[in-house]
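Think of it as A, B, C, D and E in the order they're written, each chain with its own count starting at 1.
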């Protein structure tokens, strides 16, 4: 007879096992391979791989492109965070605490774009936002405004691609956050309302911290998934251009690997990217988690 | 005619046909249906071979990407459609069999098929640096100039369009002044195909003796003329390919310089008086137009498959098939006789005047330069980035090209 | 100024009528105790005052103006929630001072109020704890402290001491009264504790199933209950109420008869009814082992020891009756005689259950 | 009441504008799918087609085994969703309610995989799938998508907001882990479970890069792949047909969402555990 | 069989010692009341028994075997949580029957237990409601019902009636005792209500700051408190305890002296101390307006009316003392004389605060 604590442990491992199995096969193993490849110069098919040690990494850190791409990545992250984390948070608060009528309508409608693929979204927006002849341009023309050619304007291109991506992410993040926000006990909000606490303070001091478990999820996912999502419009619309002005870490790794066929460099880049992200996660665990409120 | 080997092949086929894969990037809008038809017809008439066609999205790059992955697993399709730009990379990295080798081994009756049916300059397009015939040209495209005659007329210009780049610049500027619309758009995909046409027609060369040489005075001058339209007079558009074509089709741009492969798309969508004319030349200089399109390469691994691959190719290169193919895609046929044959394209070409723009400039066709070696693709990317820099007004054409050339040569020498 | 007036207020939850045509004036600065059985609508009434619950119909006035449409934050209310509603992510200290900080009360002032509230509720040393690290009673005290530091016009307390021990409860009760005496807020206090009701309340409002039963001073509610419900609800153990018919100057219970004194006979006659409910509180019953005249005779069923007193349960004509006594020499199955103190009995009309009133001699 | 109304009106105007903007592309897509190419180019802005045509849809249906493709996509999306949701629930439960060695490290490692760009895993996974003999098989599309830690992450976060006393009640009852999960934990984290499932479904439904690599024959295609058939850089995109395919790509997730919308939204609204 | 034994049990939260070397035997089938000030460790003790809290050190035996390593589910416990812990997603009915269903109790049986629990706790009609649609008291009753339907060996109740009105509380209390009498579970009951403690408990265990103070019958805890804390904690209002020095057969309080009877003198001498704390309960004080011999003299400060009784606060030599009276003819500032009933006084050693014991004449 096993004592019950051991039994519990076995059950725990069994519960994790299915996930762990697929992860080992399709995540950890490829990851190890990629790490291995990052030390070679190779194009994926040549019979010989040349071992180059840390050259790929060294080259990366020397290449100004790396910094440009990382800078872009940061810009994407910032915009995505504002549009897809902060904004839906505020919106869910407004819907759950401020507005009385029409909630249901907004809740269901705002989610709709989320179901659409970004390939579709990209094609659509390429048309709609065509600065010469798209619907938006037509309206602008009527108002006497000439739209900038965003797909070729550095900086602006990042903003527009982020908006296209946000169009898809926003609704989903919104309902997830809404779930978190509605999980905040109404009595607690009432207690604050009684104190005549202004809405924005209720939001910042009570709703935000109390729903922060969800908030953290959305925060992390906005960064991670946001960047992966942005990949599609980049690929469909700009291919990283103009002059790498819209490339981000994910797209750049893709470009290195599948456009330029530099497997080693691509691997090294992907590993560095991941390293940065994991660092972010560690920081998140170290600092942000402290402020997160959990019941257990 | 059949030798003992062919016998063996046939008896084997009685029991089961040999299956081979044919990889292509032809979307439904670009010959996908024709591929399907040709493959079905072939399968119906062949007793030995069963071809399975696989569509690869994202054009030749996408195809190569998938091929890369497939080869990594140790497998390979039998016939692949390779874009000209990847000729060098393909021949350097993939295991292929020159078709003549297969013919010589198994199909003595086809011994002269290639020589007889293809012009030498066309065949040369599919030769690599080592002069090996990597595959056989399958489709050819050249850049042509699409014009919106309504706009030209509105601007008081010759509705037959410009003949030279010098005229084109003047046209574009006039259109801008007179109509407020953009005069000109030159395609901006992820390659330098059209740029090559622009520069080389002015006497520059993308490469000389294995080194980049586009930043010659001629090259710079040509590029400057183009860049000035975009940056200075703002009469030309600097925008992504899709948006640019869209803008031409919905009547916001006077002239569009892009591949003949867009013909069907332009023709279907445009609601104005649209025409396609020969690519402009530079005053007094010969045109040099890079060949677009693709060749078919045989990547079959087993002898059986190689044989089957050729059987299939032979079918695809028949006059009827090539005619079918051209109709479905808008490419220029690579094979002799097709244009004039009754069972070929005679009638089709008469009805589709826009095709003439391409078929009548085949004498100017040169191979599409791809930078050699492992760093070739990277070099290509450098030139693309330079394009954005110049057209974005960040650097002058001169500085941009010179810097790019230097950088590319450095890459190539590694 | 700080008066609260309910005018025909109703509150439905779906089909459930939870507050039923409530008409009640809570005077400015008074301490009103809200009493009633569990689920009768007390918390709902408080929540209506605080504006956290909308009124289904009727009007609510506070400080003279109709506040039906005034949001809760503008009503200047401090409230202790029955389930505390502490901010789980804030420490005790933060919970208590949060409202003050939002309103930019000067730092020193906050410090001081915090300190006195912590002291008053014996929460010193727990300042840095989160609610989940507190015991039930400690949480309740934090909730109370949070309301106490706020100096508002209206003070609503929903069973604020239910999880405290008797000593602490007594102490807190006194402190609350002190605070009230100082600031004279309008106090509405829900409690189940009779002692609390009697000691804190200027007046007591008693509800049942959403209907207001009686509003009066603790003394009157106790001694002059307006109806059977009030009589039975106030006082622990509950008042005994037995069916009794009036017949020839006396009350008939089962087969026994008790002659009424003159003053009651008059009162009974005024009521024009013969069917009554006869009420008497356990502490107003004197039992005797020896037979006495004009008394009911019963049999002891069992006895409960309350530490300082005894509850004696006995039976008369099928009715179980309880009497309280400081001393006890009875045991089960003893025969007892019981003569009520006629100055302390209550008579209710059996059909309306309303009191028939008291002889003027008693009211004096 | 009036004051509140106007204050609210302001919000409604803003929200209305926002909703209109975010719905415009969808309406635009639907409208374009009923136009002919010419009209799409010349009157892009007209939301109501002048000469509505079913031509685009007919083309799609004649050119592709569309029902089959839709079926494939659904099968893949449903399998991925089911597997991921269920395993995520179990894993999250283990991470919240059990104590075992290396728990935090294990969790951290699993969660870190969220940060692995798909480009890293693409080729090695392709090799694995080929070795397993799953290329050009739906299973080959499904398998690698199963390794996704986002569900574990979200559901674990949600589980951590359940008041521990509720689980304690179950412990006292000796409810057993499966029953506790089924009867108590899952109902209480339903919003998180549903959000993960929605996310899984939508992502698997729209997944494009991976199926491109795995699927070769048209009968095995998924909808996003079918869409690619009408998009070509060189031949130009057949915009109206692409829109018809797009609309058909959206249709199932949209319908599913509309059918379950009430349920989903209600679940979210009533999630107040402590409410 | 169903005995619970604590052997030197300690429980820390971080540095906080919440249960301090607890040694306690809860007899099989007895009803033990756990009393103590808020935050003293009562809930923690219950949670230790239930196995929801690990013991930091020491051993816990249940039914004769050490259960330190037995998971909660195997301890056969029904428990009412102080904060109810109702399942928010289940209806009242589902909440109550959930455990039974898990254990595959036959349907009919479940029905029946449900019905009787609903009846006992007056929850009929609320079966289909979710917890958040219930009033505070109703929620508490559901929590109680959920524990009641479970027929387990151990029954732990953490202030199960704190949010109920007196009538309902009295009723529920009686029903609980009935159930216990039927099933004889080992009952551990946390309450703040003295009446509850006295009526329900076979024995009372009193804790303070994690330390067990006294375990004995309600009668002894009340009448023979083991230490000052017990004396002061039990009884409401609290017992009066004043410093008193022994000097020449009498107790000196301030400048006044009270002669002790012989039996107490003996007892005092046995204790070998001269410094005492002198305790007397409010209800054991008889006040007289007229001077009496061997009495303390004091001054009335104020009077509280508890409805049925009066609390009279007066001062003797700087000590505030309260006396309870059924009737009252005193008013503030009156001079009163107070002679304790010597059979009801308590003497504690002032340094240890422990009782010096009682004269054998009193123990009888």
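As a working rule, a contact is a pair of C-beta atoms (placed from the backbone, for glycine too) under 8 Å apart; a residue touches a chain by one contact, two chains touch by 3 or more.
To keep track of the chains, here are their UniProt names: A, D = ABC transporter permease; C, E = Sugar ABC transporter ATP-binding protein.
Predicted model only: the values in this text are computed from it and were never measured.
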{"item": "Topological distance between subunit B and subunit E, in contact steps", "value": "2"}
{"item": "Chains most often in contact, by C-beta pairs", "value": "A-D"}
{"item": "Centroid spacing, where centroids are CA-atom means, of subunit C and subunit D in whole angstrom", "value": "57"}
{"item": "Rounded Å distance, subunit C centre to subunit E centre (Cα mean)", "value": "23"}
{"item": "Distance from subunit C to subunit B - Cα centre to Cα centre, in angstrom", "value": "93"}
{"item": "Multi-chain contact residues (two or more partners), subunit D", "value": "4, 44, 122-123, 163, 228, 231, 237, 239, 272-275"}
{"item": "Subunit E residues counted as touching two or more neighbouring chains", "value": "71, 74, 83"}
{"item": "Junction residues of subunit A - those touching two or more other chains", "value": "8, 44, 127, 133, 185, 187-188, 258, 295"}
{"item": "Residue ranges of subunit E in contact with subunit C within the complex", "value": "13, 35-39, 42-44, 82-83, 133-138, 140-141, 158-159, 162-170, 192-195, 197-199, 218-219, 222, 232-238, 281, 283, 304-308, 326"}
{"item": "Subunit B residues touching subunit A - in the complex, by the definition given at the top", "value": "61, 65, 68-69, 71-72, 89, 93-94, 182, 190, 237-240, 242-243, 246-247, 250-253, 374, 377-378, 381, 384-386, 388-389, 391-392, 394"}
{"item": "In the complex with subunit A, residue positions of subunit D that touch it", "value": "4, 8, 11-12, 15, 18-19, 22-26, 28-29, 32, 44-45, 87-88, 90-91, 93-96, 98-101, 103, 106, 108, 110-125, 128, 143-144, 146-147, 149-150, 152-154, 157-158, 160-164, 167, 177, 191-192, 195, 198-199, 202, 205-206, 208, 224, 227-228, 231, 237, 239, 242-243, 246, 249-250, 253-254, 257-258, 261, 264-265, 267-275"}
{"item": "Of all residues in subunit E, those that touch subunit A in their complex", "value": "69-71, 74"}
{"item": "Complex interface listing, subunit A residues touching subunit C", "value": "185, 187-188, 190-198, 201, 205-206, 209-210, 212, 293, 295"}
